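Pasting the structures in now, so scroll down.
Note that chain A is present in both complexes that follow, paired respectively with chain B and with chain C.
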Partner chain A sequence: MAKYYIRKVAGFLVTLFLVSLLTFAVFQILPGNPALVILGVDADPAQIQQLEDEMGLDKPIPLRFLEWVGGLLRGDLGTSYRYHQPVSQLIGNAFGVTVQLAVFALILTALVGIPVGIWLSHHSKKPYALPVSMLSQLGLSVPAFCFSVLLINIFSVQLGWLPSMGYTPFSQDPVACLKSLTLPSVAIAFGSAAVLIRYVKVSVIQQEHQDYVKTAQSKGVPARKILRSHVLRNSLIPVLTIFGMTITDVLGGSIIIENVFSLPGIGKLVSTSINSRDLPLIQGLVLYLAIIVVVCNFLVDVLYSVIDPRIRLK
Partner chain B sequence: MSNAQMENQQPLLKIRGLTKEFRQGNDRVKAVRQMDLDIYKGEVFGLVGESGCGKSTFGQMLVHLLDPTSGTIRLAGEDITRPPRRERKDLCKRMQIVFQDPYSSIDPNKTIGWLVEEPLKIHGIGRTQKERDEKVGKVLQAVGLDDSYRTRWPNELSGGQRQRVAIAIALILDPEFVVCDEPVSALDVSVQAQVLNLLLDLRKEFGLTYLFISHDLNVVSYMSDRIGVMYLGSLVELGDSEAISRMPLHPYTEALFSASMDVEGDRERIILTGDLPSPANPPAGCPFHTRCVACTDRCKAERPLLREFEGGRFCACHRVEERTGLKPVAAPEQKEEKTE
Partner chain C sequence: MRVSTIFKKCLGNRNFILGSSMVGLMVLLMVVGFFYMPYDPDAMDTEHTLEFFSSQHLLGTDQFGRDVLSRIMEGTRVSFLVGALTVVFGLLVGGAIGSLAGYYGGKVDEVIMKLIDTQMAFPGVLLALMLIAVFGNSIQNLILALGVMSIPRFARISRSGFIKYRDAEFIKAARSRGAGDGRIIFLHILPNIVPELIVTSSLGFAGAVMSEAGLSYLGLGIQPPTPSFGKMLSEAQGEILKAGWYVLVPALAITLLVMGFNLIGDALQEVTEHGR
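Moving on to the complex of A and B:
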């Protein structure tokens, strides 16, 4: 058991190192001189030379990598060209917003996706289930921004219940904060719940065809109890993977949603950093995204081992 | 058990005209058609047939995992064909089932102890945890698993051990009647004998009656007192296990025996040609005529009924007399059997 976790943590650390190496390497290969990018094509060569010195671009690449990793370990990701603020601070601020959005969206996704998926698994052939199936099909096929525009039109423009854009920090005004996050999280959850519904449905149906369900039936276990204590646990194991992917997705910044609703989260930061060719920021964000993916996968793995004895014992 | 003994006894299970239809698109498929069968207390009744012949459907109807389309099932004289919900639950205590594949028939996500104890909790047997633990320990011991298995997970167990657990789960409620639905066909040959002997030992120890379903004629004749041979949803032959293996009456039974390996002596090997016809579209006349070596024009036109012959044997074939020389028992008696 302990061995399992030690192996997982070791793998996790190695992955992180490789990610940082790769992130660094990719930006060394990129064509173009960062100093030139900052100063513009018409810049004076002396100026460029000076800036290169400042940025340490004249040092050999391995040394720069070590410096960069050293900075990483101290939490220093460099300074944004555009905002003239430490990259770590920019990402930290945006992360706060994105995490709130993610938590909201995921709670909605789980609250809708799991029960509806289970319900559909039992009623999928009934005519009254058709609208629900169609709605989940719609969630899969309609892009989130289309749905966002629809939501804004109804709840902000027509009804005026919720703001259409902007973000209020929780510490400033909790109610306004919740309001500002409602529409974007609904927009995200619409798509991800649709995915979850399908997976839950298929997984439950698959488990219910297993003989252990018949065994329980023949023991006189009531149907509800069979679902609760046998089928659900077994069918949620594969669903966990999908849920993990959704978490990664949302935490990675919903670039489009955050832009539509002007939320100052990771997604917004990603798009502005790319538009303004803010290399240190882009580099920091790529590293952040990689870490999110690795961490989420790690957590899903650990959760798996908690839920599924087959994995724990291997 | 001899025939004389059986005649003196009320059957434990009395099954009449049991039929199960499944819908397949617009078609209705008769998986089991008009089965009449008595199973006596303490016997092992073997049901044998190819896969898809309806033997599992039949077994699952007996323990109410499937509802029959028509027909009746009586348990010790009491009609249990379509019990109300509460009685259905009580019936679980009297009739149990062991499935074929022990890899899917026990929940992989629960410990062995939990799984064996669950039926006790469901039926409110054993007031204290201690009382239940004791019962679980006893049953585990009876199936040859020691107490250390309680905390183990299904995936740590071999197929044979898993099947022992499945048997323990079936026996914890102390049933009278157990359907064994191909209980060894998913196991290695080396383990099969162990599990079969365990089942026979448990029958003595707990006074059980088995319906033993299998496609393997060797296994069935080893286990059973009497054997029923099923083909396309109905019985084609029924009788004493020993008598059937000595001289099968139905050409299908004959073919099954000649296909099983340890057939002794000069009997010539009959190889069936063609597949089992679809139960959705059964052949006219005798359902077996498409594959029968002794098929006549009459067989193609007229469906043979299950008739009784000398020695308490039953067979559904037009040509028993001319092929074996056995004489049918007078018709009125058979009618009685039907309408009972």
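Moving on to the complex of A and C:
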């Protein structure tokens, strides 16, 4: 058992290393002089020289990578050229907004996805389930940002219930904060709930064909009880892995959605940093998001093996 | 299963019919656009801005008075071009490395899968954004970025296909007759996983169209004045208070394409799996 976890942790560390290596490497193949790219062609040569020194461009690449990783471990990701602030500080400020959005969206996803998936596993053939199936098919195919403009059109422009853009910090006004996050979260959750519904449905149906269900039925256990204490427990195990994927989806989705709703989170920072060619900031953001994904997947993996010990034996 | 039976089964599949009508409508708009467009898509008319649907402008006009239908017709070209080239790139590169990993297994497989897993750690359009940030903003780089993004999807599917067949009886038979690796890979295994690859291509096309629209929405994809659905959407969002209908047009165009290809992919998967 210890062997299983050692292997998992080793794999996790290797992935972390590879992710940082890849992020670092991509920015090294930048065509032309990075200092020139950042400052523009008509920059003062002295300024370019200064920036080159700051970035340590004269040092060999492996040394720069080591320095960069060393900085990472100390929480130092360099300084943004545009904001003249430490990258880690900028990310820290934006991170709160993205976390709130992601958590809100994940809660909505779970609250809708799991019950509807279970319900559909029993009723999907019935005519009254058709609208629900169609909605979940729409959720799978309508891009979240297209769905967002529809939501804005209905709930902000026509009805005027919810703001179409901007963000109010929770500490300032909790109600306004929830309001500002509602539409973006719904837009993200619409798609990820649809994915979850599909997996829950398939998983429940698969479990119901297992022998232990037949045994329980022949013993006369009521259907409700079979579902609750046998089928659900087993069918939600694979769903947990999907939930790991959902976290990735939600983070990926928030990059565009935050821009649709002008939320000052990580996603908004990503697009502004690319538009202003703020390389250290882009690099920091990309790495940061990737690390979150790797950590979440690792935690889901570990949780998975705790819930289903059979995994550890494979 | 024979191609003609697959085709017949597709025609009986509701999702396939629905999906191909959606894609068909967009293809029609594109093809007609090569021969005839109601207006010049770039011609501005400041006296008729943000007009609602009418017999003159079937889908209205945008903030510069340009005909929205003509712009949609031209926009389909970008979507299809980016989608098709992205799929070709993903299919060639992803298919190749997935096949190698699945066929040879062992260390090769381990290294390739580790790299694929690493790539999967970059959520959504992040990887494409990073590549665009580094290489600059152009349609070639956009396709390259989306192509790289689609590699894992193709690699995984061809890997699992090759794992499934590499120890099959008919492969052993071919090997004992002296067939080399190249012959086995291309002539014996590859034809068997074509259905899976077609399904993945269809889903990949939908993904590429969606990502392109998303990046163009952010202003990091197709550059104006070339019409692209994503860019139109973000322009329309700016006018949402004056003309709420306008955002719905590009949003619907993107949705039709994405949903159409998703439905076709799902239907093909259903049809080819049932036959086994």
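Operating definition for what follows: the second predicted complex is superposed on the first by the 301 of 314 C-alpha atoms of A that agree within 3 Å, B and C clash if a C-alpha of one lies under 4 Å from a C-alpha of the other, contacts with A are read in each partner's own complex, and residues count from 1 in each chain.
In this text, contacts are C-beta pairs under 8 Å (C-beta built on N, C-alpha and C of every residue); 3 or more make two chains touch, one makes a residue touch a chain.
Everything numeric here is computed off the predicted structure, so don't read it as measured data.
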When chain B and chain C are modelled together on chain A, clash or fit: fit
Spatial angle chain C-chain A-chain B, Cα centroids [nearest 10 degrees]: 80
Partner chain(s) touched by A:N234 [first = chain B, second = chain C, both, neither]: first
Contacts of A:I282 with chain B and chain C, given as first, second, both or neither: second
First, second, both or neither for A:Q172, with chain B first and chain C second: neither
Dominant contact partner of chain A by residue count, chain C or chain B: C
First (chain B), second (chain C), both or neither touched by A:C146: second
Contacts of A:Q210 with chain B and chain C, given as first, second, both or neither: first
After superposition on chain A, the shortest CA separation from chain B to chain C (Å): 16
Interfacial residue positions of chain A with respect to chain C in the complex: 14-15, 18-19, 22-23, 26-27, 29-31, 138, 140-143, 145-146, 149-150, 152-153, 157-158, 164, 248-249, 251-253, 255-256, 259-260, 270-271, 273-275, 277, 279, 282, 286, 289-291, 293-294, 297
Interface residues, chain B side, partner chain A - complex: 60, 63-65, 88-89, 92-93, 96-97, 99-101, 104-110, 118-119, 122-123, 153, 155-156, 166, 169-170, 173
List of chain A residues in touch with chain B within their complex: 210-212, 214-222, 225, 230, 233-234, 307-310, 313
Chain A contact footprint on chain C (complex, rising order): 114-115, 117-126, 129-136, 206, 210, 213-214, 217-220, 233, 236-237, 240-241, 244, 247-248, 251-252, 254-255, 258-259, 262-263
